[in-house]
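By written order: A, B and C. Residues from 1 in each chain.
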Amino acid sequence: MELLTTNNVWMMLCTALVFFMHLGFSFLEIGLTRQKNTINILFKNVFIICVGLLMYYIGGFNLMYPGFEDGDFGFLKFAGFGIAAPENGMTPEYADGGYTWWTDFLFQGMFAATAATIVSGAVAERIKLGAFMIFTVIYVGLVYPIVGSWQWGSGFLSSLSIGEAEGFYDFAGSTLVHSVGGWAALIAVALLGSRIGKFSSDGKPQALPGHNIPVAAAGVLILWLGWFGFNGGSVLSADPAGTSLVLVTTCLAAAAGGIGAFVLSTILYKNYDLTMFLNGILGGLVGITAGADLMSPNEAVIIGLLAGIIIVLGVALIDKLKLDDPVGAIAVHLICGIWGTLAVGIFGSKAGFDQFLVQGLSVLIVGGFCVTTAFIIIFALKKTIGIRVSEKEEIDGLDSHEHGMDAYPDFRLNQH
Amino acid sequence: MELLTTNNVWMMLCTALVFFMHLGFSFLEIGLTRQKNTINILFKNVFIICVGLLMYYIGGFNLMYPGFEDGDFGFLKFAGFGIAAPENGMTPEYADGGYTWWTDFLFQGMFAATAATIVSGAVAERIKLGAFMIFTVIYVGLVYPIVGSWQWGSGFLSSLSIGEAEGFYDFAGSTLVHSVGGWAALIAVALLGSRIGKFSSDGKPQALPGHNIPVAAAGVLILWLGWFGFNGGSVLSADPAGTSLVLVTTCLAAAAGGIGAFVLSTILYKNYDLTMFLNGILGGLVGITAGADLMSPNEAVIIGLLAGIIIVLGVALIDKLKLDDPVGAIAVHLICGIWGTLAVGIFGSKAGFDQFLVQGLSVLIVGGFCVTTAFIIIFALKKTIGIRVSEKEEIDGLDSHEHGMDAYPDFRLNQH
Amino acid sequence: MELLTTNNVWMMLCTALVFFMHLGFSFLEIGLTRQKNTINILFKNVFIICVGLLMYYIGGFNLMYPGFEDGDFGFLKFAGFGIAAPENGMTPEYADGGYTWWTDFLFQGMFAATAATIVSGAVAERIKLGAFMIFTVIYVGLVYPIVGSWQWGSGFLSSLSIGEAEGFYDFAGSTLVHSVGGWAALIAVALLGSRIGKFSSDGKPQALPGHNIPVAAAGVLILWLGWFGFNGGSVLSADPAGTSLVLVTTCLAAAAGGIGAFVLSTILYKNYDLTMFLNGILGGLVGITAGADLMSPNEAVIIGLLAGIIIVLGVALIDKLKLDDPVGAIAVHLICGIWGTLAVGIFGSKAGFDQFLVQGLSVLIVGGFCVTTAFIIIFALKKTIGIRVSEKEEIDGLDSHEHGMDAYPDFRLNQH
């Protein structure tokens, strides 16, 4: 019981930290976008948190862990409306005493909303709020937990074996969270098209600078803090060796990711690019997430450094493909999510060619499913209610049209 | 001893989270008010934290828990100046091993300042700083701990019985914290009068928009995070079943509160109102606070949803009554505080008509005392040093007159 | 094992909180400086976190704890590249079961970057980024861990005895962290010279107000939160009596520091100075840091109050000496760091004249070393690559020249 109590304290702390990541995402997104769409982005992010939790409560949790605890939970099998704990859900028998059933639900519920948040950044400044809300409800409520069930719900990916490799491995969700969001971001961006003015008539990408870089930087530091919980909590107990190693690999990869992106971008672009530095940190964090418990500190540094380099190249690639991703979400969450997933086959205690193949195959399976479902949802929305705001609305900003409100309505300059 | 250590870690974490709520309150208040009063509001909030802690140290704690631990603490009985721990204060004998005496003091001390913070938002942009500071010292130093002693200090409310109901119930302070602050806010707003320009000559409320909505939104997310500690710590130990249920009910009520306010305000006002969404979240949080440990997740969702609806109606009601509450503190903390307190008689494991009566009676008793004391203090201040700044000062903004400082003195627009 | 798990959870939480202090430092620095240098300051702070962690990983940790755990770690003795845990590093045998080896590394690593962050604020708005980065690498990578090894690595300061006093005492780093940073700040400011316009032709200090005071205030509250981990974690276990007392003394000193600075500055300058209030809080926090575990709450209040008074006088003194420290880092970290260190000889359970002498002597030894090394590094940089940006760059702002970026590039005023 003492150990359950301690484990549960750790898991509740991690739950709180993952919750706090939503402030980080919000800050990052509003900071890197234009002022006229700030209220809209905040609205989307607050909506995602609330509806993400509620969808997970209504059905997501049951959907994601279908066979969990001897059939007490089935596909959309509710105990009345919502959730209900199994009899042993508060005892050390549940989940090897790593946490209580309530904590399990809440920790996983905080993860659920993350996938939609990733999309939110990529589609910012031009998506219709109604369409985005419908997408979020479906993607968080159905797609995310279905993919999650394949691995974390003991589904087929968790037993996908090739040669010596026994099952896909994704510790805290480089694929199951970050690239699930990233694939949808990619599809959404492709179907939405770029913002007015993002590409000149000859196809050259133009800078559409954000309106509050300090807030974006704060967002990244808050996300790094949140990752203490995101990865640290994915140990699913407070096991001292496991949790503390994971925090070390997580932080070293973040630091190395930042330095990698800083150095490469300084060499390539001859200036000290703060945004690239920040995205490098995020890339390192996403990159270590699949194998944070398998890596030595040295390997974490290498994975992070490479993630930082990948970010710089990835952002350039996205631009070259004429995809308009205002916050770099595709490079960070999709490309580094794939990198982190594959890195499990290259570095750390599971490394091996067979594991690499399993990792790659799982990336493709998850990618195929996410691309398909995201396309169906977003395409259906496009053909019905429409997904893109009018040109006038986009130029004026979404805040005034959808919300009748400015982000800084009373802001004045100092008269002195 | 292992369990005491774990419990104490949880309680210290919760203490830190409740402390952090003060940043949430500060952000919410400055975001929803005009730029010219920003320094003043920050000053008030920082003052409240410091003086709240010190007043609780000088006498509040002893006053709130008078008979606690076999008479070692009496009414204003100091061990010298300030506080001193009882002999067993660091052992598992103290408080059933839920925490140490030091943690007890600090956790409760962090709560104490909250009541005054609630008032701060409602009276913003027109109250004299000196008058507010005097009010804070008295209200935090005397009124809050006296009311607290009636229930949490094992006073008469805790044994107020009607029929089958055995005592008032207020888990984490819907009444003892939030409505204690809310009643004073109501009185203060009534005695202060509305801000210049808030009501037109024919009595219609005018929008006086705030100056930094992103910061207000961040404030709400920080407050939600803080509520993990506010409610989670009110279990007074790390008991796994208790704490993790409380976090689930707290978060579900917050999410449902947001959605409730969002849906109703969208229907009523035909636009996506971020401020209402945010206040709905806060309403859900305040609403669940009295019974967070008694409710099932389903009940928490219902309580939250209703709180969200109450917020939308409450804000309109306050406007109709020509009360000028710039941040919606009365609707959030007073009205939803009452709602949450009564909900303990309607939902959850203590529900029943007798309990409902006890809850209602306690709301009236606490309300009567708070209204009376707040009126005496504020009326006395009004008749002596005055509580309202001059018209010129209000129009110019309090920052330049009281602080000789702008909030963004060097802010410039981009010249490109 | 249960106790190790709990201790380790606490220490990981404290590690996360100390990490979060970097957001606090960043916010404080950008808030109190001019908008045109915001990107530059954020870049420096993000760089410090990343490179601080990586330097500590490459060699700092081994350097700071050279003889730790029976010779497994020597001076720059790597297990391959980077760090490697000893065999017992995850067992209760390590560090009396207070934490695992990984947690030890990460907690200490988060401390390491702090010293450079302190310097960052003092030299803001005029230092060359390249020079600052080189300085940071050397100071964090070598100077900080060498000084740390003298005390926390069981070096000669820890056994420096005079009469009855058995060794220097610095609980959480008033000297080893704060004044290590503060001395370097002093030297750097002296070698850099003041910002253009800071002193008029007749030598009078001019106000160069910052651009975002709310962000600076948020920074201070985040730093206070972080200090829960900074001091609370310095117990090096979750020992209930130790940790909870430390949080109480820390918070009371912070509150008293704020009130002390508020009262004195109001008397002296006849206005309610928010910046002074905030710096008083920081002064109280730095002041209690050396003896947070030795003091009673009453003593903590006195130490904090005096620290608040010292801040007001210290800021005036720095101005008088024509040193230009935009954020008050020297008064906060150096002067209050010395005050806190000496206070261990005056108050609390180690008080005594002999201890006072040991404390003072240690301040001088550490100060001598830091002044010397900082001077050598910065003077060498000055004579080679130069440490100060051109006059044009300083007037235009560092953001446009070094980063090609504005902090708020798309910020617009409300048109209504």
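General observations
As a working rule, a contact is a pair of C-beta atoms (placed from the backbone, for glycine too) under 8 Å apart; a residue touches a chain by one contact, two chains touch by 3 or more.
According to UniProt, the chain labels map to these proteins: A, B, C = Ammonium transporter.
All of these numbers come straight from a predicted model, not from anything done at the bench.
Simply put, chain B must spin 120° to overlay its Cα atoms on chain C, rounded in steps of 5.
Look at the contact of chain A with chain C and you find different residues on each copy: under half of the numbers used there are shared. Chain geometry summary: the mean Cα position of chain A and that of chain C are 33 Å apart.
Contact of a single residue of chain C with at least two other chains is seen at positions 2, 6, 9, 13, 212, 406, 408-413. Those residues of chain C that touch chain A in the shared complex are 1-2, 4-6, 8-9, 12-13, 15-16, 19-20, 22-23, 26-27, 30, 38-39, 42-43, 46-47, 49-51, 53-54, 57, 80-84, 90, 99-103, 105-106, 109, 129, 212, 215, 402-414, 416.
Those residues of chain B lying in contact with chain A across their complex are 2-3, 6-7, 9-10, 13, 17, 34-36, 208-214, 217-218, 220-222, 224-225, 228, 232, 238-241, 243-245, 247-248, 251-252, 254-256, 258-259, 262, 271-275, 277-278, 281, 296-298, 301, 406, 408-413.
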